[in-house]
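Shared between the two complexes below is chain A, which pairs with chain B and chain C, respectively.
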Partner chain A sequence: MLSLQNVTKHYQTRRGTVRAVEGVSFDVRPKSTLALVGESGCGKTTIAKMILQLERPTAGAIAFEGADTATMNAAQLKAYRRQVMAVFQDPYASLNPRLRVGTIIAEPLLAHENPGRAATEKRVAEVLDIVGLPATAARLYPHEFSGGQRQRIAIARALALRPRLMVLDEPVSALDVSIRAQVLNLLADIQLEFGLTYLIIAHDLALVEHFSNDVAVIYLGRVAEAGPTEQVFAQPRHPYTQALLAAVPQPDPDHVLNEAAAAGEIASALDPPSGCRFHPRCPLAIDICRTTTPEPRGTPHQAACHLVEA
Partner chain B sequence: MVLEVHNLHTHLHLKRGILRAVDGISLTVGEGETLGLVGESGSGKTLTGLSLLRLLPKGSGRIAEGSIKLDGQELTTLSDSAMARDIRGRRIAMIMQDPMTSLNPVFSIGDQVSNPLRNHNIAQGATLRSKVISVLTQVRIPSAEKRLGDYPHQFSGGQRQRIVAAMAIGCTPRLLVADEPTTALDVTIQVQIIALLRQIQADTGTGIILITHDLGVAASLCHRIAVMYAGRIVETGPVRRIYKSPAHPYTQALLAAIPRLGDKRARLQAIPGQPPSLIDPPQGCRFAPRCPARMDKCAEPPPTVTLADGHEAACWKLA
Partner chain C sequence: MLALVLRRLWQGAISILGASVIIFVISRLSGDPVVMLVPPDAPPSLIAEIRTQYGLDQPLVWQYLLFIGHALTGDFGNSYRWQMPALKLILDRLPATIQLAACGLLFSVALAVPIGVLSAVHRGGWIDRIGRIFAMLGQAMPAFWVGLLLILVFAVQLNWLPAFGHGTPAHVVLPAIALGWYPVAAQTRIVRSAMLDVLDSDHIRLSRALGTPERLIVWKYALRNAAVPLLTMLGVYFAAMLGGAFVVETIFAWPGVGRTVVEAVFSRDFPVVQAGVLFTSILFVLSNLLVDLSYGLVDPRIRDVR
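Take a look at the complex of A and B:
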């Protein structure tokens, strides 16, 4: 469905080149969910921006159903954009406070199809119903809704054009625990009902395990480990994935956290470590990790680590 | 007891009316004990913490009723100047969520960590400098003596939160109020700050109130938990009781609603609806409109039922 090949993004700044994303490859299978996992600054949001055509890759290719987005003409790009929609983290920032909900949801429709007033209103009512809001919500403003309801409105807007792929950037992190499950269940329902493909960005590993079919763990712009979610979580092979999983506090007082799994902090993308980018924090690092960048090993469950046997 | 709070009511006077943000809560924190104040946004947990420090929003915030005792001393009737001189930053200190906003970007960290020590006459001159170095070393800032002149932006996010912790523990407070201290941090850094708070408590015996919405963080750090909903504590008890045998339907629903590592992909048990407005809250149990075990009686205020030693819940179902 969506395929990234060696995608790289560098930003030139006064302080030097920021190597935000470096040679990232993965495939998102149709009607499934791929999760991008990693800590702040690892490049996962930059990857999402490139998929949404908000940034251009410095190198590498992003293909949608076999067609390279870099070589698309204006009409093809417009067609691509209507099939790929996004839901962002903060429903307080992503909805224009001056517009009525009906206008917010109608905007993509007007930009792409402009089907006329009656058809627009009908479609707005349809998507509001899909996300569990009454048709009367269209007449109200975003501030009249709670956080969870606002995120439903953002989902309704993304659904208005019947997209095929949705990029979900931390879709529930700004919501309360009791509301998160409502929104996650809604996203699961509409995926099934409309055959949607999801790319979800999240830092909550328990959520990722619960919600995704495949996962790619990103560290400092590179894929550290990727594969079917079940395999990656059951048998993490990269020391970084192991450290992440060991550091997640569990709602269980008997669970013991591994405080030593990853010492120190993530390095700067301005000056990433040589060799394996995780080596300064890795408890298992050996000489080769400092000099040589590890290639991904294994399929479909791959890990980019010198200590992993292919 | 380090801290005893009895029947605390904190109100916010807004244009729309009086918001009863904290509506009659009681809690205690013992020496060397960590109490987790767990709840969702708007449940009143942060305003409870701010009430202890008397740092309520100017003009609108007011402690309307109740008592707060620190080592037996009543704080609600203390003058503002005595509060600033003897209590705030001295005997009760606070760590907030975002280290970037609790540190001043234009002062060096040496200045900022020495401020409370100087203001509370803990140390001066050369003693002050060595005290600052020792606190920064205690929170594991590497080569602290060389970094006193550095500014907050020269440190990483995790180090900044360590510096905030150094400011809080310099005066060896009796009580540390930590409001979402790890929420802005990545998971591998979060685990380091959890370890740091545990170490601070072991070193100094300070009581800690951990305010959080994260049931995982609370489980890993707290001895006791108080679950807040809509301005009230609905259940309180030893951490193991709360997680292994939660009694209040809200606690049960909250624990069932979160995905856990190792759980197979399945539907989450969502809690329908949303919390009530605290300007005009329901008369009886505030969770009743969302509660699967709702009964007619729930229209009346629920009784607090003792289930075991130190384990209480406010629910008609248990009465």
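Take a look at the complex of A and C:
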């Protein structure tokens, strides 16, 4: 449904070129959920911004149902935006505090088809009902709701135009732990009911394991490992994925964290390491890792690591 | 809400009282008004008589208490010069001053909002630079200088607009520009930085992502949020314009409170000076109060915080 081919994003700054995203490729299958995982600063959100056409890729192509978004004209781009909606991380920042909830939810309607007052109000009430809020919520302002309710409002807005793909950028990480499950269940129900495709960005591995069909692990702007979630979690092949999974807290008090799995901090995208970008932290690094960038190997479960057999 | 209004009114009353003390003392530092009223060769007995008649022979503190006591009943005394109630003299001129200050404010906002918004949208571009230069020019030149230039160019050279006087809408244009240009720079900065802030927010990013036209994003969704800081300042600017009007009114022979008070200062007509300044301070306090109350209209979050 959505396909990224060698997508690259470089930012020119005074201190040099930030290589935020470097040659990322993946496919999102229709009606499934793909999760992008990685540490903060690894380029996940930049990828989301490029998919939402808020940033242009420096190189590579983003295709939606076979059509390259870079060559779309204004009308095609508008049709694309109509089908691709987003929910951002912070429900306090993503809702305009000066607008009533009804106006916020109606914004995509207004931007695309402007169906008139009565039809708009009807649709707003419908999507509010879908996300479990009363129709009276439309008359209130965002500050009158809790974080979880606000995220429901953000989801309602994303649903207003019946999109096909939703980009969920850390949709629950700003919420209380007790609310997260409710919002995730809501997202799962909506996906089933309306046949939606999700691209979810997350750093919570437990969430990813239960919520996504496929996963792509990003390290410093590159895909380290990707594949069906079950396989990746059961048999991680890239040392970085192994380190990530080893770092997940376990509810077992006797469990000992393997601190040595990935030493040190994530490197800077301003001056990324040569060869495999993970090699300075990798406990298994060999000479070739320092000089040659590993190509992804294996399918559908792929890993970009010299130590992995194809 | 009522508590807020009452608290602000109380604070305002204290400010006005302070202003009354200052103007009372300062006006008396300017000299003896009786000298202005009598012929140069008047006998000392006549001077003493007039002084007694106006109560100017009393101790200063007693004079002040009398003045405040009467002022509370709406009696600001009679003008020494015109022999009519000072308050009436001021009130008659008040509409002209408010008209001028409102037009000046309108002029500054009408310039500052578009310049500020466009500067933020095209940050670092030519609109941003030219807008800043234009705004800074107004701030760099004093109002009396701008006023004289405007008269020279638009009234004398081009003969497009009347140089002075009052009556038709054309008369208000030059004084309003002279008065309103000064705060354009500050207002532009406020709008520009507020817009930059809002345009960088998540909800604007989302608006873009879901395909809302840029025109709507900037002028409807973003400007609404960026308007609050400007609104705060508007009350202050309106009040400042009431004060600035003193100079501009004199240049353009605008029959407002300012010119009346300036003339009264020169003739040491204390009651008129006191009534004029006190009235201006009352307007100052009221316009600030209105601004405080208007926040709730613009920002729904403030409405609930009493």
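The rule is short, and it goes like this: the second predicted complex is superposed on the first by the 310 of 310 C-alpha atoms of A that agree within 3 Å, B and C clash if a C-alpha of one lies under 4 Å from a C-alpha of the other, contacts with A are read in each partner's own complex, and residues count from 1 in each chain.
Keep this in mind: a residue touches a chain if its C-beta (ideal position, glycine included) is under 8 Å from a C-beta of that chain, and two chains touch if they have at least 3 such contacts.
If you're wondering where the values come from, they're calculated on a predicted model, not measured in any experiment.
Asks: Which chain, chain B or chain C, ends up touching more residues of chain A in the combined arrangement?
Replies: Tallying touched residues of chain A, the top partner is B.
Asks: Between chain B (first) and chain C (second), which does A:S40 come into contact with in this model arrangement: first, second, both, or neither?
Replies: A:S40: touches chain B, not chain C.
Asks: For A:R81, is the partner it touches chain B (first), chain C (second), both, or none of the two (neither)?
Replies: In the superposed model, A:R81 contacts chain C only, not chain B.
Asks: In the superposed arrangement, which partner chain does A:I179 touch: chain B (first), chain C (second), both, or neither?
Replies: Touch status of A:I179: first partner only.
Asks: Report for A:E265: first if it touches chain B alone, second if chain C alone, otherwise both or neither.
Replies: A:E265 contacts chain B only, not chain C.
Asks: In the complex of these two chains, what residues of chain A are touching chain C?
Replies: Touch residues, chain A against chain C: 52-54, 78, 81-82, 84-86, 88, 90, 93-99, 107-108, 110-112, 141, 143, 157-158, 161.
Asks: Spell out the part of chain B that touches chain A in their complex, as residue ranges.
Replies: It is residues 40-41, 156-159, 186-192, 194-195, 213-217, 219-220, 239-240, 243-244, 253-255, 257-263, 265-272, 274-275, 290 of chain B that touch chain A.
Asks: Help me check something: in the complex, which residues belonging to chain A touch chain B?
Replies: 39-40, 146, 148, 176-182, 184-185, 188, 203-207, 209-211, 233, 243-245, 247-255, 257-259, 261-262, 265-266, 281
Asks: Can you list the residues on chain C that touch chain A in the complex?
Replies: Within the complex, chain C touches chain A at residues 201-213, 216, 221, 224-225, 298-301, 304.
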